[in-house]
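Two complexes follow with chain A in common, the first pairing it with chain B and the second with chain C.
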Partner chain A sequence: MIKRDIVVPTCYTGLLILLFAIPLITQEPYTLHILCLIGINIIFACSINAILNVGELNLGQAAFMGIGAYSSTLLVMRLHLSFWFALPIAMIITAIVSLPMGYVTLRFKGAYFLLFTFLFAELVRVLLSNFWIGLFGGIPGLTNIPRPFIHIRSLLQVNFSSKAHFYYLILILTLFTIFVMQRIDRSRIGMVFKAISQSDALAESIGISSMKVKLLGCAMGCFFAGMAGSLYAHFVGVITPPDFSLHAVLAPIAYVVVGGIGSVLGPVIGTVFLMMLSHFFLRQFGLYELLIYGVIIVFIIRFMPEGLISLPRRLRIKLGK
Partner chain B sequence: MEFFLLQGVLNGVMLGLFYALVALGLSLIFGIMGIVNFAHGEMYMLGGYVAYYLFGIFGLNYFASIIAALILVGGLGALLEKIIFRPLTTRPQVALTSLIAGLGLAWVFQMLAVICFGELDKKVPSAFKGIISAAGIVISKERLAAIILGSFLILMLNLFLRRTKAGSAIRAVAQDKEAAALQGVNVNRISALSFSIGCGLAASTGVLMAPIFIINPFVGSDVILKAFLVVILGGLGSIPGAMLGGLLMGFIESFGCLFFNVPTVNVLSFILILITLIVRPQGLLGRD
Partner chain C sequence: MALLEVRNLTKHFGGLAALDGLDFDIHEGEILGLIGPNGAGKTTVFNMITGPLRHTHGEILFMGKKITGLKPHKIAGLGAVRTFQVTTLFGDMTVIQNVILGGHQKSGIGFWGALWNTHFTQSKEISSRKEAKKILEFMGLKDQEDELAKNLPHGHQRRLELAIALAAKPKLLLMDEPLTGMNHEEVEDMLERIDRIREEGRTILLVEHNMRAVTSICDRIIVLSFGKKIAEGSPQEIIQNEKVIEAYLGVEA
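Right after this comes the complex of A and B.
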């Protein structure tokens, strides 16, 4: 019998090598495009999960992705900043905007928080599509968003206009996000998040300020939502307000729930599974695509409430080990 | 000016009843089961198709179509509650899992509607043709009929909840599940009943509104957004709250549109709701 602590790292290393080798194996634009979108969605799903870790579901998370996307785009197009500065600034702007929203809404719990954040998302969408059209571009949104590039004299010139280059950028940032989430999950603050999500009254009784911690969780989630938004804007090249409406957040929430709430890898597995399913396997079913997709989601939630991540454990129990 | 006001009141009442009827079901289900049914808008959509086929194509009586929608979609609701939503309520994170289950169901129903009925807009013929004009205000008979029938449905729901044994049981379960169970109320049956009433109400609203608006497989997603706003404003789980919230939303939109353009009205109503919630987080008539 092979030891577990050898098998697991080997698997991870193999997976990493495979991920980095994909552009060498296939140059097909559709595949690479979908893989990039999967990466962006993983970052976004992780950001939703970060707020779920403190026990709340933010239905307005797509609005924060939108804030990240619009601020990064405007920084690049209006202030002519380089993408490499615009990305972190957009992330910080998103996190800062989330603080007042969090301060008002985090007083509510459960379904109230959910509906309140939904209201916020709708407000952002209506503002973006109908007001300050000169700046935000109204309903048609902003187009011709430039791709990032690296030009260091004549030493290094990388233009991210090819999908393969962008794939590496997204891959590295996705791995970075998962790494940060993993570190947080195992740290002291990760424990505090879990304590609060289970019972905030109990957590307060041992001296944890639940409001501050929830705000931290919310700002952290929105920080990464800003990253997903900025990447999305520069990858797709067009952003419109409906891209960041309620319907844009529902699919990623489904990824998180299907993958498994509260774990680090759950959202990743859910995103990869559902997006692969819909873009590579269900395409051929035409009209029936969304139908089958919906049935699968309902089925998983009904019969596997802990998500796909609990599958190995369930199998082990079934096999009687 | 007076003419404007009266017209605004009439339109506001009609819109308000529409919102209230959809939100009532949503609120009733939340009060009993603690879940937000995301597929609620699709029940409205199915009701619209019941009107299109039974009344528009097969020429069934309009009132009979309303009752047919109530029974058919109500039955569907009971089925959904039994096989999908009830098992979720005994598990952790019920608000979240039921939301996603509802979302999956909404997609399933939308695509089934596209496959069965086609994705083009359908216009249901109006049951009451012509207009009534009196004292300078003009209202089409179909809108008046929608107002009267909508008020009748709300009245019937209230009578049912106040005067019948099943209605008292529903109110008891909404207040305290355990205490109601101790009194011999079958909580499972009550939650199935209220789920089917909620879905049936949304469907009969669909029959009422189908001749006025249009029907397509995706109308549900707009309806659910409005119903969300109404239940937040009125208070989650509160039946009077849903009625008050619905009427308020109707009036804000109908009067707002007399003075401002539609986006401004939307922003104004959001801001009004936000302020209301900051002052009264549980909604206008919500408990604690």
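Right after this comes the complex of A and C.
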């Protein structure tokens, strides 16, 4: 439809312009800080969705974000690498570390997979808290993590001392992540992922190695979890083992479920909606914040099990009547 | 050299011998029927040829290569493709997507090519789609190519399963009770298609309970009972074989 071909891209363009204009509209540090955290969580939620797409929910996903965070921090603080190298290297490290874990755990399904990934998360947390304390900083973690900087003589000098700088960096990387996820979803890769999640027995019978595909999905998801971790470390400036425990993965799982499992934009919408809800609107309810938040999540899952992303379709059906 | 050679195949489940020293060949271009009462070991043989079940003793050779102990997807990649007894499809994907996936492994589309959407990948996608359409036409599903697989009527779903298997370019097609749940017309239709598949040069191993169908389409039949081969021969020989009749006591012919 011609109208659709004009309206939808125009909306997206308008949205993009708005997103890039936000630091010009508001300078309030709290707002920009939350928006940065939303961006990091969007990347993380997308990484959870990536593994969900090959059939399983990884409870240890936050541990991979932690691996990305600690790798990036140590690369900058110990090896004195620039953030711009530390970020991609940390992402690659996270993806590579995920392969042996995936190889062991992806042979299992359902409750067993959940159990093993949970154990992995705990293993990482215990390791980071109690071993090589000189390197990892133990339970207090690592502090004074340096911010990124761009020093191109006389052309560009960005110190990332203001939240706005981080905002643009995170915005660009979040858009990049969504773009890559979209590209994969529409490609043959996405098709094979969906097939494996629907029937890996059938896939095996036509020559597709379900283990290889699941490992690919795992590595991809953890690649972006590493990105979220690295950004988190250099943005917040402090990382401790409990930041990346099992507990830390629960809220993002809620974002993915509420937004819509399996779609590319589901996790994005879920994260934005729930985080904005809790950080901007529910603040005023003080003690009742968590209660109302929980009720809203239950409400959405009850009446829209496919997630918020199914809202336009549902409205269209209802209005069509 | 036969296409598939089964030598002294034995499978123990604990103390029970589900298969005991089974020997048979499948010759290229034939339709071989594998029959036997329930519990005879047909499913065990089937699952050992196609990969998921490990052997206790013996070996299986496919085109001269040992396949015992190989993973299922490797065996399928060599050209031995199976269909399932219970309807198994990629339910939430369209009919044509199902068939395209069937041909995926042989399509030559790799991860990086797909990610960057190279010209090579795009041309492979186009040819994959064309081939899928050809197979759908052959199986009489052309008009439903954009339907979700789970929404098809049962008989069409069975045809789709066969289409997916065909897309994987099998040299040996192993069919596990493909006629289950079909009415008379659907059975006739399926048998005709299986015959045409054979005419295209493929070999077929057919495990079935429908006796009339087996005797009408198979070139040779092997009969199992309690894990042992009790008879082997043409359909005419088999239905008159005393041991076979004895094993099937009470089952209609």
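One rule holds for everything that comes next: the second predicted complex is superposed on the first by the 318 of 321 C-alpha atoms of A that agree within 3 Å, B and C clash if a C-alpha of one lies under 4 Å from a C-alpha of the other, contacts with A are read in each partner's own complex, and residues count from 1 in each chain.
Rule of thumb we're sticking to: contacts are C-beta pairs under 8 Å (C-beta built on N, C-alpha and C of every residue); 3 or more make two chains touch, one makes a residue touch a chain.
In this text the structure is predicted, and so the values were computed from the model without any measurement.
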item	value
Partner chain(s) touched by A:315 [first = chain B, second = chain C, both, neither]	neither
Touched partner set for A:261, first chain B, second chain C, both or neither	first
If touched residues of chain A are counted for chain B and for chain C, the larger one	B
Partner chain(s) touched by A:294 [first = chain B, second = chain C, both, neither]	first
Contacts of A:205 with chain B and chain C, given as first, second, both or neither	second
Which superposed partner A:15 touches (first chain B, second chain C, both, neither)	neither
Contacts of A:195 with chain B and chain C, given as first, second, both or neither	second
Touched partner set for A:116, first chain B, second chain C, both or neither	first
Footprint of chain C on chain A - complex, ascending	183-184, 187-189, 191-192, 194-195, 198-199, 201-210, 216
Complex interface listing, chain A residues touching chain B	52, 57, 104, 107-108, 110-112, 114-116, 118-119, 122-123, 126-127, 129-131, 246-247, 250, 253-254, 257-258, 261, 287-288, 290-291, 293-298, 301-302, 305
Chain B residues within the chain A interface of the complex	30, 34, 36, 83-84, 87-88, 91-93, 95-97, 99-101, 103-108, 110-112, 114-115, 221, 225, 228-229, 231-232, 236, 263-264, 266-267, 270-271, 273-274, 277-278, 281-282
Chain C residues within the chain A interface of the complex	50-51, 71-74, 76-77, 81-84, 88-93, 97, 100-102, 104-107, 109, 111, 114-115, 117, 121, 125, 164-165, 167-168
